[in-house]
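So that you can tell them apart, the chains are marked A, B, C, D, E and F in the order they are listed, and the count of residues begins at 1 in each.
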Amino acid sequence: MPFIQIKVFDGVLTEEKKNEMIARVSEVVAEIEARPHPKEKLLPLTWCVIDEIPAPNWGIGGQPSSLELLKALLES
Amino acid sequence: MPFIQIKVFDGVLTEEKKNEMIARVSEVVAEIEARPHPKEKLLPLTWCVIDEIPAPNWGIGGQPSSLELLKALLES
Amino acid sequence: MPFIQIKVFDGVLTEEKKNEMIARVSEVVAEIEARPHPKEKLLPLTWCVIDEIPAPNWGIGGQPSSLELLKALLES
Amino acid sequence: MPFIQIKVFDGVLTEEKKNEMIARVSEVVAEIEARPHPKEKLLPLTWCVIDEIPAPNWGIGGQPSSLELLKALLES
Amino acid sequence: MPFIQIKVFDGVLTEEKKNEMIARVSEVVAEIEARPHPKEKLLPLTWCVIDEIPAPNWGIGGQPSSLELLKALLES
Amino acid sequence: MPFIQIKVFDGVLTEEKKNEMIARVSEVVAEIEARPHPKEKLLPLTWCVIDEIPAPNWGIGGQPSSLELLKALLES
């Protein structure tokens, strides 16, 4: 019965990336919690919600973020 | 002082349904917490927030949801 | 697929009250969201988590709360 | 490593107010948690997310809110 | 800057499982969000919090859960 | 009607620090949201909840945290 919530900046995940993130994270969580049993019984009861937050609403160190800052970080 | 948060798929609740959900859930929660006292004193301190999540951001069993899946389930 | 979270003061709900709150709130939410369909298909996909917060960790108007304040309010 | 989440009505905060809120709240939280050490080491690890909720989705006392109600309260 | 929150039943994760879950989920999320860039720059800004909920506080379909129900499901 | 939630490591805040954090953060948030009106009308409708998370449940960069790591950071 795990419930996973992932907050990311709005606009950084394509639909394809969202689907991959939901699939892989749900499987990792169900696999670890279910072990030594197989994850198949737990997976249908594993929910994963992606919560997209506008970057200017997300402060780090007291400063609002931006997609430009994230891009600069990733390319640094 | 209860604080209630209800996550639902974006687009499934009309304004009328939202109002009814806020009213009835708040009353149930205040009534049960306040008992054996009447709920009237606690109700003004009962907050209820509806959080609408786009269905494709909500994974169940590792698969993204959709309003079509929900409709199919309800009509099954 | 509704997900309900209810924050209350730690220590105000007996096990019996928790069970009643989970049952009644889940039914209200599933009934309203599913309408005009019956709630039976949606109810198994309705989750409700009670989150108990120590009253001194919960500030109202900048002042920490207490179970005594809640009791005084209900008995007023 | 504090993580702060602030839910407000959608539409009540200008970008300037959001920036000020993120800056001042993050500094207060980092200062108090870090004390007697200075806040500078903790501040970069202090995150603050503003979550804007449409007023009709936010019930108080079982009634949906509105920006008009908030305005009337502030001007009363 | 992803922030991940994972709610599980209290008592189902050993310290070892928690560490593995934090490590693997954080890596998956950072990898997908950062792509086509490597995840190394994003990983330090990826936070993951495990939130342990007592099973009787977690209702599914209006019924409180229990560790016994989870065990029965996994062994079925 | 702001609702503030502050997640910190369990064990880092004394009762005195919690009270100060609740008081000062609530005042900052109410003051900024209410401006140009005075904060007094909004403050009673400002709630602030401190959520204490065991440090080993809080991963940063895929690694579980600890109070020792926080202490080392603050003293560095």
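Quick note on the criterion: contacts are C-beta pairs under 8 Å (C-beta built on N, C-alpha and C of every residue); 3 or more make two chains touch, one makes a residue touch a chain.
Remember, it's a predicted structure, so these values are computed and weren't measured experimentally.
**Q** Which chains are shared contacts of chain B and chain C?
**A** A, F
**Q** Since chain A and chain D are copies that touch, just let me know if over half of their interface numbering is common to both, same, or not, different.
**A** Both copies touch with mostly different residues.
**Q** Quick one: chain A and chain F, Cα centre-to-centre, how many Å?
**A** That gives a centre separation of 23 Å.
**Q** Between chain A and chain C, tell me the centre distance in angstrom, where each centre is the average of that chain's C-alpha atoms.
**A** It comes to 27 Å between the two C-alpha centres.
**Q** Distance-wise, how many Å sit between the C-alpha centres of chain A and chain E, to the nearest whole number?
**A** That pair's centroid distance is 11 Å.
**Q** Pull out every residue in chain C that's touching 2 or more other chains.
**A** 1, 3, 7, 45, 47, 49, 58, 60
**Q** Run through the chains and report each pair that touches.
**A** A-B, A-C, A-D, A-E, B-C, B-D, B-F, C-E, C-F, D-E, D-F, E-F
**Q** Please output the residues of chain E touching chain F within their complex, sorted ascending.
**A** Where chain E meets chain F, its residues are 15, 18-19, 22-24, 26-27, 30, 43-52.
**Q** Spell out the part of chain F that touches chain E in their complex, as residue ranges.
**A** Listed in rising order, the residues of chain F that touch chain E are 7, 53, 56-64.
**Q** Okay, in this complex, where on chain B does chain C touch?
**A** 1-9, 12-13, 17, 20-21, 24-25, 28-29, 32-35, 37, 41-42, 45, 58, 60, 65, 70, 73-76
**Q** Spell out the part of chain D that touches chain E in their complex, as residue ranges.
**A** 1, 3, 47, 49
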